[in-house]
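Report on the structure given below.
Letters A, B, C, D, E and F mark the chains in the order given here, with residues in each chain numbered from 1 onward.
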Amino acid sequence: MTGELLALIGAALVLLSAVGVVRLSDVLARLHALAKASTLGILLLLAGAAINLHDLNDITSVVLAGVLHLLASPPASNMISRAAYLAADHDDMTDERADAEP
Amino acid sequence: MSWLVPLPIVLPLVGAAVSVLVGRSRSAQRVVGISVLATLVVVAVALLVEVDTNGTVVTEAGGWAGPMGITLVADRFAAILLVVAELTLFAVLVYAIGEPGAERNHVGFQSAYLVLAAGVAASFLTGDLFNLFVAFEMMLTASYVLLTLGGRHDQVRSGMTYVVISLIASTLFVTALAFVYSTTGTVNMADLAGRLEELPPGIRSALAVLLLVVFGIKAAIFPLFFWLPDSYPTAPSPITAVFAGLLTKVGVYAIVRTQLLLFPEETRPATLLLVLAACTMVVGVLGAIAQDDIRRILSFTIVSQIGYMIMGLGFFTVAAVAAVVFSIVHHIVVKTALFMIGGLVDHAAGSSRLSRIGGMVRTTPFLATLFLVSALSLAGIPPLSGFVSKFALIDAGFADRQYAVVATSIVVSLLTLFAMTRIWMGAFWSPPEEATVAPPPPNRSGGPVLMVVPTTVLVLCSLGVAAAAGPIYALSERAAEDLMDRHAYVAEVLGP
Amino acid sequence: MRWLGRLVLLVILWLLAWGEGTIGNVVSGVLVGAALLVAFPLTTRVDRFRLDLVAVAQLVGHVLVQLVSSNVQMTREILRRRPAVCPGVLAHRLRVPSEHVVTLMTSVIALSPGTMTIDVSDESDTIYVHFLFLYDEAAARRSLERLERLAARAINVQPEADSSSGAPPSSAPAPLDSPEAT
Amino acid sequence: MTAATMAMLTAAAALFTYRLCAGPSLADRVTALNGLVLVGMGGIATHAAHTGVGAYLPTLVAISLVGPIGNGMIARFIEERQT
Amino acid sequence: MILLLAAFAVVGLALVAFGARLGRRAFLVGALPMAATAAWVATRLPDVTDGTTRHESVGWVGGLGLAVDLHLDGFATTMTLIVTVVGVAVLLYASRYFAPDARDLGRLAGLLVLFAGSMVGLVLADHVIVLYACWELTSITSFLLIGNRHDQARARAAALHALLVTGAGGLALLGGLVLLGQAAGTYRLEGILAAAPSGTAVTVALVLVLVGACTKSAQYPFHAWLPGAMAAPTPVSAYLHSATMVKAGVFLVARLAPVFATQAPWRPVVLAAGCATLVFGGLRALRQHDLKLLLAFGTVSQLGLMMVLFGAGTPATTTAGWVLLIAHAAFKCTLFMVVGVIDHQSGTRDIRKLPALRDGWRPLELVALLALVSMAGIPLGAGFVAKELSYEALDEATFLGHEVVLVAAIVGSMLTVAYATRFYTGAFAGPRRRAAGEPAPLPGETHRDPSPTTELSDPTLPIEPVDPVVVVKPRAHALTNTTAEVAVVDPDPAPPAPSFVAPAAALALVGVVLGVVPGLGDKLATVSLEDFRGSVPAVHLAVWHGFGAPLLYSALTLAGGFAIWAADRRVRPRLAWASKVPSGAEVYLAALRALGIVSTRVTGFVQNGSLPVYAGVIAATAAALPVAALLAGWDWPGWPRLGPKREAPVVIVLLTAALGAALVRKRFSAAIFLGVVGYAMAGLFVLSGAPDLALTQAAVETLSTVVFVLVLRNLPERFERQSTPGRRIGRLLIAAGVAAAVFVLALTSAGVRLGNPVSEEMVDRAVPDGHGRNVVNVILVDFRGFDTAAEITVLTVASIGAVALARAGRRRRDGEPVPAANTEEVRRLVFVDVSVRVVFHAVLMLSLWLLFAGHNQPGGGFVGGLLAGSAIALRYVAGGIDEVRGRARFRPWTVLGTGLLLSSSTVAAPLLFGGAVLESAVASLDLPLVGEVDVNSALAFDVGVYLVVIGMVLMAFEAFGEEPKEVAPR
Amino acid sequence: MTLMLATAAAGLFGVGTYLLLQRKLSRIIIGLSLLTHGANILLITSSRRGDAPIIGAGGEERFADPLPQALALTAIVINFGVAMLLLALAYRSWILTHDDEVQDDVGDRGIAKSDVVHDEVADQQQVIAREETS
């Protein structure tokens, strides 16, 4: 039950983050919003799963995934934010729906 | 003797690995390549003798019996083609080594070549439809590499066409496999022979036609062949030679194997095959006539000749299938030889465009003779091997009362003769164009010894095919009887 | 003995992966880990740090608090009828420049919603942090300083004598050195 | 409750997909891709917990590692484009 | 007989190969096999005339009923003697004709011998396919001989013309013979004639055979190649194009006529063609100034008469034809030789330019006169006997239209008398008179040659140098190549040496002997007639046939002939229409032009060089054909269920991203969309119970994206819009068609699953026999490890190819990759750097875990390798290619090679121990502390896979990893 | 096979084909990847889907058919390798032409307007013309 609740909260955070990614106005703000999902959201989901699982092997796998995520994702998001910031006034930011093929 | 069966696949793979590891030494790589292929010629001959005397040899990879495991099946058809293929591969490798500048060959050449050899052998020997896909991929990937080694502009351009079209074929193959497994739950060809029979006719015909399209792309039949004349001529001449001789024939092999083994008589798309065959023959030979470049002319005649084989298959009689088997043997040898000669012409005259070269009957009379013999054989002039092949097809076709398509094939053979005389007159008879007078060739034989000798050997082989046409045709007939008797194959592989 | 610590970490990872603490797994983990460390040795310069477990716990606590509070803040913003943000960039110069501290700091910054690292100076002595809600610049600076302290203690970092990062920066990178508001 | 969790993840996926298509910048699309990967991880974990089958957890472990690698790589080249 | 044929082949090939050093003596060597054959046949004559037919047979392709069946019956004996005796004469003549230092004499002699062998084979054949084979060989040798002066475009074109026309006829013949053989149930000539099949197929077959015969024997409308063939050296023309090869068609007709003459198409076809040829040939001969062309058209005409006589097929006409065959060989060959001599000595053979010949030329004149007497059918020439017999036979014949044929024969013979006279006066009498003070050119001249005094020194040329009026093709070599050898006509040519005239004289004498004592040929004529016909009354050949209609016709012929000649000046211009009658030549040229146009148009249409078109055609074919086949016998299985709800979001994301990848205009964006599709696929795999697939897909997708991005960063940012709306609609239609086809086929095939899948056994045997709990992995490394072995080979080769391509032109001599010269320092980000250092070993550790655990849980060598590859990618992210190269201790090639060697050795090794290829072995080890450990050889295989994948990733970075600025464009 | 997955496969094939028929190699590569994904869907749906076929995890009777999975895995790996090769072609093309456009074959250009039998026809025309004047 605890596990499921944690997972639910995690999912809610992921959803909120997705809402943010859709609603917020500029790319940096959207990146901030994603961080919600990529940290507390996913950790809660993993924690919820870990609590609900019974096999030790499975639990350690989930823990491992969480640890690896914490290790690997910050540098990646730092790189993205750096790139996004540098690109902020580059034409990469222009809307390309305008010239997409019909 | 079943240990012989996997050798043509496994040995080149080990050789390729060693070749990658000894990449620093060209000569070590060559020793590996030559010794592996020389061994395989012997192995293939031994296998053919074994198969012809004692019947089909079946071996199970990993010891897992079919239909669960992958079975390797050497029947007469496969063994015959294996012998010809290994011989051709060996001759072309020597030719490639003898080509001036071969020492600059990329470090990957020998490995890719050996993988190609493994892929060709695996295509012939496998008794498993998915393994056939994998074998094709081995062969094709190696061919992509060989085609583009060097990275010249035209190679890249033609490489794109070749690779993309081949990948379409591969994807279609996987698609076909998915449908096959979906309907039958097996990919073992012997098992499939039984299970496909029970399918409703609609989906069964659809599968037969889908497989025909898949292999038709590789075999270069109309309207799936357009890629071939654009891509083959740009490769280095040894590569073109081995592609021209072997790769399309692997496609033909797969068509023959799958149509005859997997599908019962009532599913066979005979009319479709004959229509496609006629179109292939005609469009191919017209293309050959329209070209000015020797390699392009020869490339189009590949297409045209494939039409003959497809026509023979379309008759679906023992005699016709025997003729097809014989034709494949003849065509591999002759076409490879012709492309090797084309390479020698290019080498001696500095170009392969007819409008730029000429007079080679005087400068390289030996080469002229080699070309004449091969070209006449290709055009089906008696008593060369091409004639036996043509006669066998005509005989079988008339016996089957397929007058229209046979008449077409006869007309096409005249046009083939015309295409060949265009090369003969353009390159050998007509005086050389002053603008591009090439340096005189190094010797009267027309090129470096290591290039001329394997070419000569192949031409002699083609004469040998003509001289020994009796036994070879008899063998082809036995192979055709095997091919037409699906249940015997199934019994050999899965047990009675 | 740096590699011993690394070996222990690798074996723990190995055991986590296998999910069973059997002797066989430990032995194989040690063998495999050692083999890896032999095949790909650690480089001398950068891998010099020692974990202070107490400080690590403090850092984790800080991160958790940050996580929750910033998540709440973010949620509020996202769900407002018209999201109103007050973004800005702060340059933070480290007291004790260290590659490890920078890395740890940027990671924590990345993990907390509302902050993210935009850049790090070539000398690893200044980080540029983008705040989504830069209402209170002084508070933001304070939180960065606190984070640096916790991070430095957690990995017990010593100023590197031989490293170029010890020297103060000659000049701050031009485009990113001041808070900006939109 | 698991159904609710999955529903929320699905909704999140839909929103991320919207951002993926809407862009407009590359960074936006990478963000969306990132979000979708996270949804996938959450989905796998929840699915495993719900069914008790751990077969997909190695996938989870792998994605937790390789997902960021791909993102980092793309980020690197977005940036490279600017300079 | 077979030995003799072999002798021809050996001598011929030897002369072609080595004859050059023999010079003119090559011809003498070449005469040996002919003389030997003639002698041998002569020794067989008694047997033959007794009616004994000798048979020989050597098997060739038994399965096809092909064997070298030869027989020596009466007609074969006759023809063999003609071929060999004339052959000896021609070769002796040739050995004097050519200059001693002329080029290619060995080749020429060898080809003549090969031709003679083919011709002998043709006449001896008792197997229609052998006959056909020899027939084609004579076409080929003729082609090579006509093109002997291949520097000249005209010679080449004439050779091609002859080859294509006779080749086409040959193929028609082949078709006809196969039909005939199948109708008769045998390809033996004797068998076919004995069976005498009939029916529609046989009717078609006979027409085809006659077409073949008419092309070879230059019958209207196929005759045009023969005058062109005069481009060959005169000895060749004398031999092939008058005495022997052109008789092959007549010979074949003679062979088949006894049985088939009475079948429906035979006589109308043969007689119409023969009569037309007979008359038109004569008319054209009358108009020639070139003596050689005059003879050539004369040959055409005479061949028409022979065709009529043999084709009519009655014993009497056949006998007449038999005599004409021999007589013609003798006189026509003689006359060709005479022309050759004149040409050789004087430098021209144009009637208008020939100088007067002095008394020393009298012997040659006599020889020519003897031959002309025979040709014109004047008594005491062999031709007279033939003509009398023809008139008599045709007069007495009963077949429909024999009167018309008789009239044609008389008219043709008149023309023969006229052109024979023209030959004599043109070559000998005329010039003498002109020299006596009558230099006026012949009336009705339309010749526009601006340089009438020049003539090529080469005596083999049939016609003057290129006439500027008719030069169509200003190609350089066609004009320049020959100008060096222009010579002037010798006004007082030296008389020929006796040895030069002797061969012609000998042949002329044969004609005289046959003309004076024709009874010598009675026996041979009788047995020749009996071939395939059964016994006939003995033939009696005689000069005097008594008074009767034939004699009257003969007198009429001579009178008419001389009258035509005498009226030459008035008649000749009026005969101009004859050369305007459409002949086969125009058809040939039109066909050739049409072929050129059709071939280029068709090729230009289908082979337009555009990959999108090729791919579109293939896609459309692949969609249309199977669906058409399916619909032909469709059995709709009904709609399946929609599927579980949980799949819906994944499918929606998948399709949305796929569409995005198609529509977006930036390459990077497309790559991201593609990545999403890939991850969605992984999601689908999770939902389908395929953890290994999901794992692999996720890892592959990541690395694919990495490699894709590595390449894309170089390419232009956007795809430029370039397609027209029409093309786009075409693409959309094909795409929709493919989608529909896949949809229909997928649903249909899913609805008809038969039986249980073979994989059930795999599940059952995975643990007990495969020693692994992860069935998919057991399949990959054991049950179907053979696939995997091939698959990693694909990876190896693909990565080699990728490196080769990407680094083409930037290799050291040994092909090892070299660091680019202007390596630019990649800007390092400290947090990335440090994180990567921390994570690197961990990732490798995990990759090894996946490798080792894979047999029992999702994982395996491939995924392990990909994860290790990700570690490499991490390094790249941190520090670029130098970081990858610098820290990886192992060269990519070595890793790749070691992996492949390990795997392939694991596959091969069991063979050494007598096992099946790839057979796995399991050893149980009892280790202290650890306990029992199973060591499976499949693991070694999987380690190989692991290494190959790592090697591949290393290679990928080697290929694409260098910073774009380093790569010099172009 | 479910309707949804059949749609997914068909959609991937359709979009993939659309991309395949373009001139930019990067688009073609994407198209081929989509086709491959479509084919893989067809493979895994070609037999029973269910629980992960790992023995010991329970539910062997609800196992997904492992064979199509193995086949699909092989296909995925092969496509990975070949895709890399294609990318190398695009890369090489960029080095040579600064684009990844698939160019038309130069050898095929102008074939339709060429006159291949010119020599043969012209020469023989000459011979016949000579005959006429003689």
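Here is the rule we use: contacts are C-beta pairs under 8 Å (C-beta built on N, C-alpha and C of every residue); 3 or more make two chains touch, one makes a residue touch a chain.
Keep in mind it's a predicted model, so treat the numbers as computed, not measured.
The chains that touch chain A as well as chain C are E.
Taking B-F and B-E together, the pair of chains sharing more C-beta contacts is B-E. Chain centres were defined as the mean of their Cα atoms; on that basis the chain farthest from chain C turns out to be E. Across the assembly, the mean Cα position most removed from that of chain D is the one of E. Work out the mean CA point of chain A and of chain B, and you get 54 Å between them. Rounded to whole angstrom, the centroid-to-centroid distance between chain E and chain F, based on C-alpha atoms, equals 32 Å. Between the CA-based centres of chain C and chain E the separation comes to 76 Å, rounded to the whole angstrom. Centre-to-centre separation between chain A and chain E, using Cα means, comes to 68 Å.
In chain A, the residues that touch at least two other chains are 17, 19, 31, 55, 57-58, 61, 64, 68, 72-75, 77-79, 82, 96.
The set of chain F residues that touch two or more partner chains comprises 1, 20, 28, 38, 40, 42, 45-47, 51-52, 54, 67-68, 71, 74, 78, 81-82, 85, 89, 92, 96, 102, 105-108, 111, 114, 116-117, 119.
Within chain C, the positions touching two or more other chains are listed as 13, 17-18, 103, 106-107, 117.
Those chain pairs judged to touch are A-C, A-D, A-E, B-E, B-F, C-E, D-E, D-F, E-F. Chain F makes touch with chain D in their complex at residues 51-52, 54, 57-58. Those residues of chain D whose C-beta lies close enough to touch chain F in the complex are 53-56.
Contact residues on chain A toward chain D in their complex (touch as defined above): 3-5, 7-8, 10-12, 14-15, 17-19, 21-22, 27, 30-31, 34, 37-38, 41-42, 45-46, 48-55, 57-58, 61-62, 64-66, 68-69, 72-73, 75-77, 79-80, 82-84, 86-87, 90, 92-97. Residues 6, 9-10, 13-14, 17-18, 23-24, 27-28, 32-33, 36-37, 39-40, 42-43, 46-47, 99-100, 102-103, 106-107, 117, 120, 122, 124 of chain C touch chain E in their complex. By the touch criterion given at the top, residues 663-666, 669, 721, 829, 831-832, 835-836, 838-839, 842, 846, 877 of chain E touch chain A in their complex.
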